[in-house]
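Here come two complexes built around chain A, the first alongside chain B, the second alongside chain C.
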Partner chain A sequence: MGLVRMVDARLYFSDARTWRYMVGSIEKIVEEGVFVATGEGLSFRALDTSHVAMVDLFYPSSAFVEYEVSGKDSVEFGVSFELLAKVLRRARKDDELVIEVDGEKLYVKLKSRGERVFKIPQIMLSYEKLPEPKISFTVRARMLSSTFREVVKDLEPHSESITFKATDEALLAVGRSDIATAEIEMSVSRGSLLDFDAESNDKASYSIEYFSEMLSSAQAADSVAIRFAEDAPVRVDMEYLGGGRLTFYVSPRLE
Partner chain B sequence: MGVERNHDPLAEIEKRIMSCTKCRLHSNRKHAVPGEGPRNAEIMIVGEAPGRMEDLQGRPFVGSAGRILDEMLSRAGLSRRDVYITNVVKCRPPNNRDPTDEEIMTCLPYLVSQIKILRPKLVIAVGRHAGRTLYHLAGKRWSSMAAARRKTVKANISGVETTIVVTYHPAAALYNPQLRKELESDFSGFIKREVTRVKGVEGSRKLGLDEWLHPDPDGSGEGSRG
Partner chain C sequence: MPRIPPELCTRCKGFRLLCGLPSCPILDRLRSQTRSLQRAGWRRDVEGPTPPSILVGERGYPRVRLYYMVPPGASPQDASRYEDPQGWRERGVPLASIVRLRSELLAGSIQLNAARRAFERLYELEIAPAALSSRPVDSMVELLRTPVPRVSFDGYTKPVGPTAPARRVVVGGNPSLEPKLERVLWEDEKAEPLAWELYRSGVDVYRIQRALSLGALGRLRNRRLVPTRWAITAVDEMLSRRLRDSLRGRPWIDTLEVYYSEYLHNRFLIILLPGAGWMEWIEIWHPHGLWTQTAAAPLVWRVAEDPLGRKTAEDGGFSAAKLPILEHLSARGRNADAIIVREILPQYYAPVGNWHIRETVRAAMKRPIARGLSHGELERLAGGLVNEWPLAKRHITLLKPRPTLEDFL
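Moving on to the complex of A and B:
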C-alpha cells in the first residue's frame, strides 16, 4: 500500500472540458484570482481591471466525483488564468480533471487512460470577498446555450454593442453599425426561449466584446440565463450540469 | 449604392444654417452663427442670439459676454471643450434688439435638430429668451426668470430626455455687478451640481460595476439599486 499524500484540497471532476471552456472565457476577462473551496463548493469572484465586468463562479461540491477540503473551513488558492487555461486547453474528450492544492503548489491532472500531471505555481494574492452587484432586474430570459451562441455570433460581425429590448412576449437582441443592423427576436412561443419574464419593456446596451468572450463558456453550458433592467448591468448565467454556474455581470453602455 | 462614412449630421445642420434665408435677419448678417463644440458633448449651452462680435466671426459667445461665460463655465467645472454652445436665433438681430417671436419660431427647427443629434443630458439656457424657448420646447409653463432660476427641470424635447437649467445671460452681468454675483452663484451652485451629476453618469461608464457594488448582507444580489 502506497503512502497517501495529504493535500489541502482535492477536487475531482468528471469532465475536464467543462473547465477548459469555462476557464477559456474567464481568462479573457480576468488575469488572475483566488478560488475558494468550502464544504459547499468551489467559488470564484473577480472584477476585470476596468471594472466593467465581473466573473462569478460557483460549482457545488455535489457536482464533483470527489470533493475534499481538509482541516479548515475553506481553502483558498490563487491562480493565473493564462497559465491554467494553457493547461486546460490540453483537456480532451473523456478526460477527467483533478485539482489538488498542496501548500503553495497546485496540481492539475488530466486523467483518461493515462494521467497527465501539471504542476503550476499558486499566485499569492490577498483575498477579499467582493460583494455581489445589487441590481433590480426587470427582465429574465433563459435559452439553450446554442441559442445564446448563435445570437452573439449573428451580431458580432455587425456591431460593437448588443442591445437587449424586452417586449411583453419577446426578447430582442439588436446590433447596429453604420452600415448594417441585425435584430434577433426570441420568444417562448417560437421555441427560442425556455423561460421569459418581463416586468417592463426595458432596454439596455452592452459591449459585445464581453459577450464574445463568454462564448467559450457557453459551449459547455446546458442553458444560459440573461437578466437585465433599463440601463443597468446584465447578468448572464452559464448553467452547467450538476448545478454549476458561471455568471458574468457586464455594466451597461449608456448610449 | 455607396456608404457615406464619417457622416456628421451636426455639420449638415450647421451648413444649412449658414446659408439660411428663412427670415429677414439673414439680410443684415455678416455670418450666421450655428454653434460649436464637440460632437459628443453632453452639455449644451443655449443663448439668445449672436451679438456684434459673434456676427463678425460666425462663432458663439466670442465677445465680452463670451469671456464671462468662459469664467462661469470654469466655476461649474467646465470649459468650452466640454460643451456645445449655440443660440436660439442663429443670426444677429440689428442693433442687438431682442429677437421677435416670429424670428424665434422660424429658427427653432435648427435648435431642435441640434438637440436631437447631440442628445445633451443637460441644457443650460442663458437669458430669458433661451429659457422661455426651451421651456416651450419641453412643454413646460414659463412664468419668469425669477421663477425658473435655480430650478432643474426634467424635460423631453422631441424624444430627448434631458434636464434644463436657466440663468441670466452673461451679457447682463457686463453692466450689473449684482447680476454678475447672481450668475457666479448660479454657476458655482445649482448648475455645478447638475454638471457633476451629468459627469457622474459619464464617470459611471468608466467605473462600470462599482455603482452597483455595495455590501450585500443577505447575499441575494437582486436588491435595489443604491
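Moving on to the complex of A and C:
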C-alpha cells in the first residue's frame, strides 16, 4: 500500500495560468492576506494599504478537479503575494496547479509532463472577516475581457483618472490628465458590451492605476462586469470559467 | 546663451544634457565665474589630510574616474569641515562658504574600470580604508600636471575643486574605521542588507553612500564602483524601503502636523496627515534662479509615491527628503501621509548637492511647528512660510478629500 499523506487541504486546478494571472493582479494591490477554504470554495478578501481598493476572490469548489478540505469546516492559510507570484510566474501553458496546505507549510505544485514542487512559508496573520462594501449600484455593464483590456490600455498612456459615465444606451470611459483626454464609447448595439443596464445617467471617477493593475487578471478572464453609481466605488468582476470570480472595489476620486 | 526651456533645466540639473548640448551652458558659466576663488601657486605634490572626501564620476562608465580630495596644507583638526553635511547644516554655513571650502580641495583623479576588482585594488592602495575613515587621514597626491583652477557642480554631489590626473596617491596616516563597517567590508552579502545593517548600528548615511560607491558592499564577485551620484540615491532608496517595511501595519498619526525649515535659500514645508504612507513632493523653482534664468513664472514639479513605495518618477531630491521623514515616522512607530513642499529661491545660485535636502528636512522633523490645524489655519500658516503656497496647493492632491472603501463598508 502506498503511503498516503494527510494534508489539511488539497486544491487541484486544471489551468495554472489562470492563477498566475489572478495573483499577478492581486500582488500589485495587496502584499499579503489569508485564503479561506471551505466546502463551498476558496475565498480571499483584503483591503489595500491605503484602503482605497479591495480585492475579493471566490472560486467554487466545483471549478476544481479535486477539492479536499479535511476535517474542520474551513482551512485558512496566509500568503505573501510577492512570493506566491514568483512561483506562479513559472506556470506555463498545459501546467496544472496543486495547492497543498500542510500545517505551517504550503506546497505549490506545477504539473504537466513532470511535477515541480515549490514549498513556501505560510505567514501568520490575524484573520478578521471583512464585510462586503454596501453600495447600491445604478449602472451595470458586462463586456468581454479583451474589450476591458483594450479600454484600459487606450486610456492608460494619457490619463491619471478614468471616469465612467452612463447614458441611456452606452457606457463612456473617459481618461483625463493635465494635457490630454480620451473618450471611449461602448454599447450593446455596437457589440462592445454584452449587457448594459443604467437606472440613471450616473458618473464617477477612479485612479487609473488600479485599473492598470487589473489587466493581468483580465487576461485569463472570460468576461468583465463593471458596476458603479454616482460618486460611489466601482466594482469590477473578473469572471472565470467554472464560476470563479475575482472582484476589485475601488473608491472614487472626487474631482 | 542658447534658449533652453527652463522646465528642462530643472529636471536635468546639468547632467542629463536634455538640451542636447555637449555640456551644460549654465554650469559652464558658473564654473568660469568661480575661477576667481582659486588660490594660485599649487605644486605637483600635494600634501594634506583627506576629510575623507572622494567622488566616483559617471562619465564613461564603466571606465570611471575616482577623485581623491585633499585640502593642501590643512591641519587634521581642520580638515573635517571640508566634508561635513551635518555640521554645515547645524552651523548654518552659507552657500558662498561651502563653495569656497570645496574650491580649496584639490582632487587627484585615478582612472579605474568599475567592474574589474576595483574595490580590491583600492583596498590594497589603502585608498578605500582612507575614504571610509571616520577621521581625516594624512595623504599625499602626486599630480601629473598642475591642476586647472575650477570648481565643478552638479545637483547631487558636493562641488569638486581643482582637478588633475594623479600619478599616485599615498595614504600616510592611519585610517580609523568603525568596527561595524570594517566587519562588513568583506562580507559576501547583497548591498541592501549590508547598508541596512550599517545604518541600524549607527553608521551615518554619507559613509554608507561612500562605501557603496567604492564597491565595498555587495556580493563579492559582483562588486563594482558605483558613481557617487547613483550611490547617493540608491542608499536613500534602500534605507527608505526598509523603513517603510518596518512601518507596515503600524497605526496612523492622530492629527495634521506641520514642520518647517529653511537653509541655503531652500524652504521645506512638510505636512503630515493621518494616512497609510502616501507621499507627495512638490518642487517650486522661482524664476531667475540657477536653472530658471529664462523662466517667466515659477515652475512646479511633482512626484508622488504610494504606500508600497512606487513613485511616479525618479527624483534624487525627493529620495533625499523621504529618508528623514521615514526615519521620523519609524522612530514614532506611526504611519502618515506626507506632503513635502520645497521652494527654491533665486538666491540658490550654485548647486551644492542634495545632502542639504536630507539635512534640512531632518532638522525640520525634529519638532512640529503646529499640530491639529483646521484647513483655514493651515492655509494662513503655509501662506506665511512659502511664497508660492497657492501654486503649490493647486498641485497637492493629498489635502483634497479622499474617500476610502471604509466609508462604504
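Just so we're on the same page, the second predicted complex is superposed on the first by the 254 of 255 C-alpha atoms of A that agree within 3 Å, B and C clash if a C-alpha of one lies under 4 Å from a C-alpha of the other, contacts with A are read in each partner's own complex, and residues count from 1 in each chain.
Everything below uses one rule, namely that a residue touches a chain if its C-beta (ideal position, glycine included) is under 8 Å from a C-beta of that chain, and two chains touch if they have at least 3 such contacts.
Predicted, not measured: the structure shown is a model, and the values here were computed from it.
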{"item": "When chain B and chain C are modelled together on chain A, clash or fit", "value": "clash"}
{"item": "Touching partner for A:Tyr12 - first (chain B), second (chain C), both, neither", "value": "neither"}
{"item": "Which superposed partner A:Tyr107 touches (first chain B, second chain C, both, neither)", "value": "neither"}
{"item": "Which of chain B and chain C A:Phe118 touches, first, second, both or neither", "value": "neither"}
{"item": "First, second, both or neither for A:Ala53, with chain B first and chain C second", "value": "both"}
{"item": "Contacts of A:Ser136 with chain B and chain C, given as first, second, both or neither", "value": "first"}
{"item": "Partner chain(s) touched by A:Ser251 [first = chain B, second = chain C, both, neither]", "value": "both"}
{"item": "First (chain B), second (chain C), both or neither touched by A:Glu31", "value": "second"}
{"item": "Where chain B runs into chain C (options 94-102, 112-120, 148-156 or 202-210)", "value": "202-210"}
{"item": "Footprint overlap on chain A, where chain B in one structure and chain C in the other make contact", "value": "47, 50-54, 130-131, 133-135, 232-233, 249, 251, 253-254"}
{"item": "Touching residues on chain B, where the partner in the complex is chain A", "value": "3, 5, 7, 201, 204-216, 219-226"}
{"item": "Chain C-touching residues of chain A, taken from the complex the two chains share", "value": "31, 47, 49-54, 130-131, 133-135, 209, 232-233, 249, 251-254"}
{"item": "Of chain C, residues touching chain A in the complex", "value": "248, 275-278, 306-308, 400-409"}
{"item": "Chain B partner contacts - residues on chain A that touch it in the complex", "value": "47, 50-54, 130-137, 178-179, 232-233, 249, 251, 253-254"}
